[in-house]
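Have a look at the structure that comes next, please.
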Amino acid sequence: MAKLLFFGRLGDLAGGIERSISLSEPHSVSALIGVLEAGDQLLGSALVDPRIRYALNGAIVDRETLVEDDDELAFLPPVSGG
Amino acid sequence: MAKLLFFGRLGDLAGGIERSISLSEPHSVSALIGVLEAGDQLLGSALVDPRIRYALNGAIVDRETLVEDDDELAFLPPVSGG
Amino acid sequence: MLRRVTIAAAPFDPEAEIAAFRKALDDSGAIVTFTGQVRPSNGGGSVSTLSLQHYPGMTERGIEAMLDQVAERWPLEAVLVIHRVGDMGPHDPIVLVATASAHRRAAFEAADFLMDYLKSRALFWKSETSASGKLWIEPRDEDYADAARWDASPGGR
Amino acid sequence: MLRRVTIAAAPFDPEAEIAAFRKALDDSGAIVTFTGQVRPSNGGGSVSTLSLQHYPGMTERGIEAMLDQVAERWPLEAVLVIHRVGDMGPHDPIVLVATASAHRRAAFEAADFLMDYLKSRALFWKSETSASGKLWIEPRDEDYADAARWDASPGGR
């Protein structure tokens, strides 16, 4: 299972911060978003917002990067701390 | 009596922070320095250093300002706090 | 450079932390601290709860990488970063940054730099819950502009 | 703007002062503090005593006038200045400046500005006594340059 993490307002859209997905073969980040979009169009379109960044196992990646089973993919909306 | 105050290294030269001087008539700051210089040339020349400022009763003045008996004249060398 | 980074899930006492930070110093003459706390009202209505979320592991690594930059740019003896996560109420401390150096310019600039990073680039997500509901907060334009000041001048301002 | 200026002839506790300062705040989200303390060694030999002298009355009026400028330039809720006079040993606090505002830029700039003033323009005279004797300290060129930054830009940096 790949672990998906939705931070900030994406967690509200996804109905929770964490979700698991079984990947029988590697998916690009884009393809994975496509899978999510098929189930929830609102979430899907939020995930392709140009300001969303993607972190694979803790490192920022682009949408062409392949996600495998056992990977952790995080969706990072604009941050705000302090 | 006019009160004279010597701050910072001027106090070391003057042998103390405070000194009194009796002024029978008003003296300009310059004239007063002249009186002090007559008694102590080293102190006198330190007091005309262009970086020394003069405060009469708590306000910065120039060397032409008149000092009267009962006034407080302070000699302020370059400051350093913090 | 002594450094400590803490992501705190529970309330912390800024002054106790500053006292401990200062006590550990050897040759520093200048200590700058920044404390950020929850404002009772943020523009419109009164805020009941402010919530901060982070990405455990990645958030800390981002801050540590920023401290590597700080260590290269400024001659600091020590730096401290404490950042709350979870739910906070009015006046609760959110963040503490402390820097110490021989002279004050380095301490001021490094604290300023770190706060700009924490406000607009570190991996935190902030929401406010008030009578009118939950609102996700994004940095103000000013926060982005503040952070960008440091990109142009690698040697400090 | 709440303000407090203290010339302290006896040691003070910076963190206790910061805690009291912060507790009195209402709507500030940002608190910046600067603490200056005696360095055990200042360049050459070890310093045994640092002494600060002021001109009672005139020194305080100068700082108050500077706070008038601060109040005009930055939207602060509160500002605190504590400055030691008399004899101090290594690690003793010399000066504390604290500023509080809604957002952090004003608090940072005002604290920075006040320290530049206190270092090179306020009426204090500082001497160090070490094994090699007593030495009157003057501001570094950097202190004068720092203070001059504010003259050119009336609206802050």
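By written order: A, B, C and D. Residues from 1 in each chain.
To be clear about the criterion, a contact is a pair of C-beta atoms (placed from the backbone, for glycine too) under 8 Å apart; a residue touches a chain by one contact, two chains touch by 3 or more.
Being a predicted model, the structure only gives us computed values, none of them experimental.
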Both-way neighbours, i.e. chains that touch chain D and touch chain A: C
Apart from chain D, which chains still form joined groups through touching: A, C | B
Euclidean distance of C-alpha centroids - chain C vs chain D, Å: 23
Between chain B and chain D, centroid-to-centroid distance (C-alpha), Å: 27
Centre distance in Å when chain A and chain B are each reduced to the mean of their C-alpha atoms: 75
Residues of chain D touching at least two other chains: 36, 104, 115, 119
In chain A, residues with contacts to at least two other chains: 82
Chains grouped in pairs wherever the two touch, ordered by label: A-C, B-D, C-D
Of chain B, residues touching chain D in the complex: 5, 7-9, 11-12, 17, 55, 58, 74, 76-82
Touching residues (chain side chain C, partner chain D) in the complex: 14-16, 18-19, 22, 25-41, 91, 102-105, 107-108, 111-112, 115, 119, 140, 142, 146
Touching residues on chain C, where the partner in the complex is chain A: 36, 52-53, 55, 57-58, 61, 83, 94-95, 115, 118-127, 134, 136-139
